[in-house]
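Each chain carries a letter (A, B, C and D) given by its place in the written order, and its residues are counted from 1.
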Amino acid sequence: MTFKVDFKVRDYECDLQGIVNNSVYFNYLEHARHEFLSAQGVDFAKLAKDKINLVVIRSEMDYKHSLLPGDEFYVAVEPQRVSRLKFAFKQMVVRKCDDKVMLNALVIGTSVNEKGRPFLPAQIDQLFKPAP
Amino acid sequence: MTFKVDFKVRDYECDLQGIVNNSVYFNYLEHARHEFLSAQGVDFAKLAKDKINLVVIRSEMDYKHSLLPGDEFYVAVEPQRVSRLKFAFKQMVVRKCDDKVMLNALVIGTSVNEKGRPFLPAQIDQLFKPAP
Amino acid sequence: MTFKVDFKVRDYECDLQGIVNNSVYFNYLEHARHEFLSAQGVDFAKLAKDKINLVVIRSEMDYKHSLLPGDEFYVAVEPQRVSRLKFAFKQMVVRKCDDKVMLNALVIGTSVNEKGRPFLPAQIDQLFKPAP
Amino acid sequence: MTFKVDFKVRDYECDLQGIVNNSVYFNYLEHARHEFLSAQGVDFAKLAKDKINLVVIRSEMDYKHSLLPGDEFYVAVEPQRVSRLKFAFKQMVVRKCDDKVMLNALVIGTSVNEKGRPFLPAQIDQLFKPAP
């Protein structure tokens, strides 16, 4: 079952074209990932305080359609294991009124310690266990 | 010769990890593209007023290293033709103190008219002329 | 009865101090005002398209306490008439877990037409009718 | 002599009204204050790491005119002592092409330690020395 977070476009997120600015989708996707982590008991802000930083190393985003002021939508989050130290989130932005996919994204990340060295805490590791 | 725009990290662009938030790189890249267009006589805001919208349809970003508060850097912009109606920008974020590449990006766009139909004005088209 | 909009702090809204950045409260307040207007049948984005711009001319904000990652809160909106062409919103940011007031604000605005001249549409005017 | 920082409006800072969004002025003002501090040898990010947080407790902003895409402007910063533990910045946003004042602001702040108690380090204190 896919994890979803509900959103509504806020006017300040729109730019002079009158549509949601491209950079704002990154905000939406990040918030949805952090909500996913939170639902699994992982507190991003607390990890940061403990000097364990989850970082994005690559993102691929396909912009299909533009969100407009007031649009209601959800962001879907699906975790995927990439390698021992890398994990990914398949994400989708879906407009609610017609279930239209507005954006598809693949966000690949890893986790580093205070020295910037890869370090995957167990609580993160287990979220991306490959299916048996 | 590659087009470059100078930047300096502003503290409000950094997040609770103390580094520039991932979404902000998209702001940097967008601003650098618009400065590139402006230097070629293309006014993004004026185009938007005339209902011609340059839109991003895909972005690929490789985050190599994190920018920190106060870091000085430049964003390089290199235009590339993808197809008759699509164009791309190869972009790089480079820290100045040591010429380290912090981020590589490929941003693919197109241009649409008021009805959302592909429409590439001549002034845009000629920026992406394929080499003979 | 006061109009309220519910929010939850998103991690990307926090800065390197680990608290919600001061500028983000402006975003919260604006969104709450636009939701208030929307509930009264006034569409801010549509007005802008029709070249009628609601603009802020003065803001006073008292920061009492800082919102933290994940905090749930609401923004209260109370309309007040200032003069024939000016109106105000008394606003409050209240943390839900303990009803603590985090910020008090007074935002004064007016409405201008395409030429920048004061112009208050009837639908706005009636929202700020002075009590008889 | 007043401290000034140069800026140029970036398109992504503009909202659906085609003008710089109100919240963005707060970003401009903050960046100018931090540059002022930096010029005086005070590193805001380093202070935050040391758990000394400079915080805004009140802001008053008068919006005179709207900045537009591409506008060049500067932000002026003038420090003022308010009381033993409070200090203020008088700030102005001035458009360069015609020296027009776009915004006047008064930002009052204080400095707190890890426990949220007022604590003004000497290096901050001396910036706001009252004239003899």
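Worth pointing out:
We adopt the following convention: contacts are C-beta pairs under 8 Å (C-beta built on N, C-alpha and C of every residue); 3 or more make two chains touch, one makes a residue touch a chain.
Keep in mind the model is a prediction, meaning the values are calculated, not measured.
Chains that touch both subunit A and subunit B are the following: C, D. Same-residue interface: subunit C and subunit D share over half of the residue numbers found at their contact.
With every chain reduced to the mean of its CA atoms, the largest distance from subunit C is reached by B.
Subunit D has its Cα centroid 28 Å from the Cα centroid of subunit B.
Annotation: 22 Å between the Cα-based centres of subunit C and subunit D.
Computed from the mean C-alpha positions, the centre of subunit A lies at a distance of 32 Å from the centre of subunit D.
Annotation for subunit C: residues touching 2 or more other chains are 11-12, 14, 16, 18, 21, 23, 27, 30, 45, 48, 69. Shown here, the protein chains touch in all possible pairs. Those residues of subunit D whose C-beta lies close enough to touch subunit B in the complex are 10-12, 14, 18, 27, 30-31, 34, 38, 43-45, 48-49, 68-70. Across the interface of their complex, subunit C is touched by residues 16-17, 19, 21-24, 26-27, 30, 45, 48, 53, 55-63, 66 of subunit D. Chain contact summary for the complex, subunit C toward subunit B: residues 11-12, 14-16, 18, 21, 23, 69.
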